[in-house]
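Common to both upcoming complexes is subunit A, partnered first by subunit B, then by subunit C.
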Partner chain A sequence: MSIFLSNEIIVFLLIELILIVLMAISQVNIVSILRHWDFDATTPLQYALEKKNYLVNTILYFTVTCKVILFLFFIQSLNSLAGIVPGAMCSAGVVGANHYGNALLLLKLLLIFGFGLWLIVNKLDLASITFPYLKRKYLLFTLLFIGVLGEFILEILYFSNIPLTVPVFCCTVVFQAPRLPFGYTQTLLVLFFYILFGAILLLNYLKQTMASFTCNLLFLFIAYYAITYFFGLYIYEMPNHKCPYCMLQKEYYYIGYLIWGSLFLGIFFGIMPFLIEQITQKSYVYLLKYASLCLIITALVCSVYVVRYYLMTGVFL
Partner chain B sequence: MSKIVIQNLNKLYNPNKPNAFYALKNINLSIEDGQIVILKGVSGSGKSTLLSLIGGLSKPSSGEILVNNQNIAKLPDIMSSAFRHQKIGFIFQSFNLLEGLSVYQNILAPLALTKLGKEAMHEKVNQAMQLANIEHKKDQNVGSLSGGERQRCAIARAVVMEPEIILADEPTANLDKENSFIFIEILKKFKLLHKTVIIATHDTLFDDLACIDRCVQMRDGELLE
Partner chain C sequence: MMKSSFATVVLLGVIALLIFTMDISESRVFVRHGNTQKEPLEIVLEKYICTESRVPIVDLFNSAQAILPNGDTYFFNDVGNVLLWLARQKNQDKIVVWVYAQDTNRYVLAHNAWYSRVEITPMGYGFGAYEYHAYGRADYYFSEVQRFALRGETLLHPMVNALLTRNKL
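== the complex of A and B ==
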């Protein structure tokens, strides 16, 4: 049986293909808009481009929103693929089935952040009469479109290289000795997690967008390892179960969606004000409030599991 | 001071197709604040197209339409809608009332999109009904009104937002003589209220009326003034 015969993958790839076609149509129009756009002109060409701009905006708004929603479907599909990939017990096994999996996931995450940035710039552009960010917005989309094409190629490579006859490693991989970045110990990792978390809250309060941007990117990296290799143990209540995906499953009350969702949203809101400033020269610091709120949820939920476990057993894992 | 300035305006329908045709050709027109202007011409001369462009209902193929010095042809759709809602009152030939609703509810409809309080809305609706002389029918369903009454309801709805500009497309086409004269009386009230009014019509009733500031003749999409 081929992985391409699974219902989830058929639906997923079909939607991806439709979105790519829509984006490609938009991209063709974007090229002509970028080449000839002159807002001050009242020529037939300019009016035609303005009409085209509305069409392109509508298509892109739809496709970009779909891509964001499709990411959640992709995660869900990975979970359900665990049922047909031998050896896989959760997404960890499916993602780790070949070396394209983690790269694909990382690219998807970057694209989601990129799409989010595009949606905000688009909103600012449409709210102004003169379309001041039109060219930058479309250049950004062009970059994202290249990313989407790369993502699609990676998806095909990834799905076609998932072995269905040879068992894959799943959480067994992560049962082995943890491979933490820079040789960190768990204690150091958790310490960094809380220090960075505190620093981000402070920087967000002080509205330091650039510093917050840097710390947020660092925090994303540290938080991934901290959640997987430390907090995850308390969620699973098992000292050797180091998996970022199992917490997304029903057995753990889907708590992973709250943890990862609030983390990614927090990071997104944390890095956006700086990026938006760079593109539009407009202040969007109010997003930092949401960033702090989301990261507080992440840290709070993670910490509650540790405290709860300690109160129940009197020991730390 | 010019309320509306139209420069080099063209409207091409079905561009790049064999049946492409210019509904408006190089229109240049300036309308002062508080003027009542008649656009005259036979069917197909471009009167309604010009009205729809001034009202921001459609976009030109080229040229400018400046209302209060702002080129409304360049407004994004969402702002174009806001512009229409706040600045323009439309009176259509077929009235375009919301069937099934009462006169009061029809006139109230544009106010539903504002943040006005109930009392303020009620007051505005009453003022508009008085101006259009339709308050005695306020609770009646619009489906049961006569042609003249329906039009007065449409007029009240057009003015309830207190627009600066009123656009009327063949307002007397579906009216008998008596109701047409009532419309002219309302037109005189608009003049007193210093509204800028543009009427597209081929009705000779408007010829030589004292309240009319200007009559512009159109033919085959061109101004003959």
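== the complex of A and C ==
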């Protein structure tokens, strides 16, 4: 039995390969566009490049959107692999099956953020008549393309190193820790979760993009740990079940997709205005409203579980 | 100007709060250095990490320690883990291995211990160490269980598991 015989993995890697081929075709064209682009010129070459630009944009728009959707499929595939990998009871065991799993997941998340940034810059570029951000947009894509190639290598390494004969750990073992990250206690984690949440809402209201950017990055880590080590306990209603993945399963009504989805979207909208300002030198603060909205959903859903548990049992876990 | 100053204060306040409440003193021990006496060390439960499986050691039962010639001591939560780890090391003969004996509740030299194959162990390999020969239960030498571990003939193997638990192997 090989992990590469699994339907999900075959489909996933095949789609990844097709997308990489499409991106490579675009990248070849991008190099020629970057080398010869001169918007003020009225030569046949510039005319051809502008047409090529539209073609490349269309291909990239398609591939980047596919990559975002493929991320969800990847998570789903990990869940299904839990049935094949011995010892794994959810994605935690599959992700932690070797050293590449967590690095791959983090890289994927960063690339998704990068693709989102590219889509916004692309939209702004196409909305202008003179394509003012064309070079920066394609340089950004080149970086992302290198990242995608690295991601594909990491995926092959990851899938080929998942053991099918030696048992991996279930989530309870993976997240069993003598001490929480950075030595924080559960109470401190929850306190920081709400402090940072409040700070982000305030900074978003004041439209302070750089401060919001920093707070959002901090919130990403604090929220991850707070959800895994505190809020998760109330979702599972078990004092020892610490896992960020089990909540994605149907036993918990797929609530993880709402929690993680709104958190990542909130962080994405929170960090984008600052990055877009750096790239385009233009204000793009309206995204901060969406950031606040998404993070309010995350905090509300998490808090509801704690309050519900307390009302039902009269104690905290 | 007022807004950005206020934002800076908020940001610095949050960062300061995160940093000042941080406690980054050593919380996990993977290896202890300087054990030139080559004696077994006291394992602090849930703080010492198994070198092979990378999880905290939560029980002394089935634990093991391996001491390199330079005094570096590695810890394991399952006898099966130390057997697999040992097979990958150079100069195996110079590594001192201690295993926790289930009958006397103390560490004994792995090469002198007797082994059972049907114990309930953290990683499920099933190897249990005994200081004294327990006929019908702990009948195996170190070299034998090491061979079983390397061949995968442990309780994790369904057929071996079935034969061992029915006492047919």
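Keep this in mind: the second predicted complex is superposed on the first by the 311 of 317 C-alpha atoms of A that agree within 3 Å, B and C clash if a C-alpha of one lies under 4 Å from a C-alpha of the other, contacts with A are read in each partner's own complex, and residues count from 1 in each chain.
In this text, a residue touches a chain if its C-beta (ideal position, glycine included) is under 8 Å from a C-beta of that chain, and two chains touch if they have at least 3 such contacts.
Small disclaimer: the values here were computed from a predicted structure and weren't measured.
Subunit B and subunit C, once both complexes are superposed via subunit A, fit side by side.
In the superposed model, A:I15 makes contact with neither subunit B nor subunit C.
Rounded to the nearest 10, the angle at the Cα centre of subunit A between the centres of subunit B and subunit C is 160 degrees.
When both complexes are overlaid on chain A, the residue A:L119 reaches neither subunit B nor subunit C.
Looking at the superposed arrangement, the partner reaching more residues of subunit A, out of subunit B and subunit C, is C. In the superposition on chain A, no contact is made by A:L164 with either subunit B or subunit C. Taking the two complexes aligned on chain A, the least Cα distance separating subunit B from subunit C is 38 Å.
When the two complexes are laid over each other on chain A, subunit A has no residue in contact with both subunit B and subunit C. On the side of subunit A, the complex with subunit C involves touching residues 86, 165-167, 169, 173-174, 176-179, 182-184, 188, 192, 195-196, 199, 202-203, 206-208, 210-211, 214-215, 218, 222.
On the side of subunit C, the complex with subunit A involves touching residues 3-4, 6-8, 10-11, 14-15, 17-18, 21-25, 27-28, 46-47, 53, 55-56, 58, 123-124, 152, 156.
Across the complex, subunit B is touched by residues 39, 42-44, 47-48, 50-51, 54, 126, 129, 131 of subunit A. Residues 7-8, 10, 12, 15, 59-64, 71, 73-79 of subunit B are the ones that touch subunit A when the two sit in their complex.
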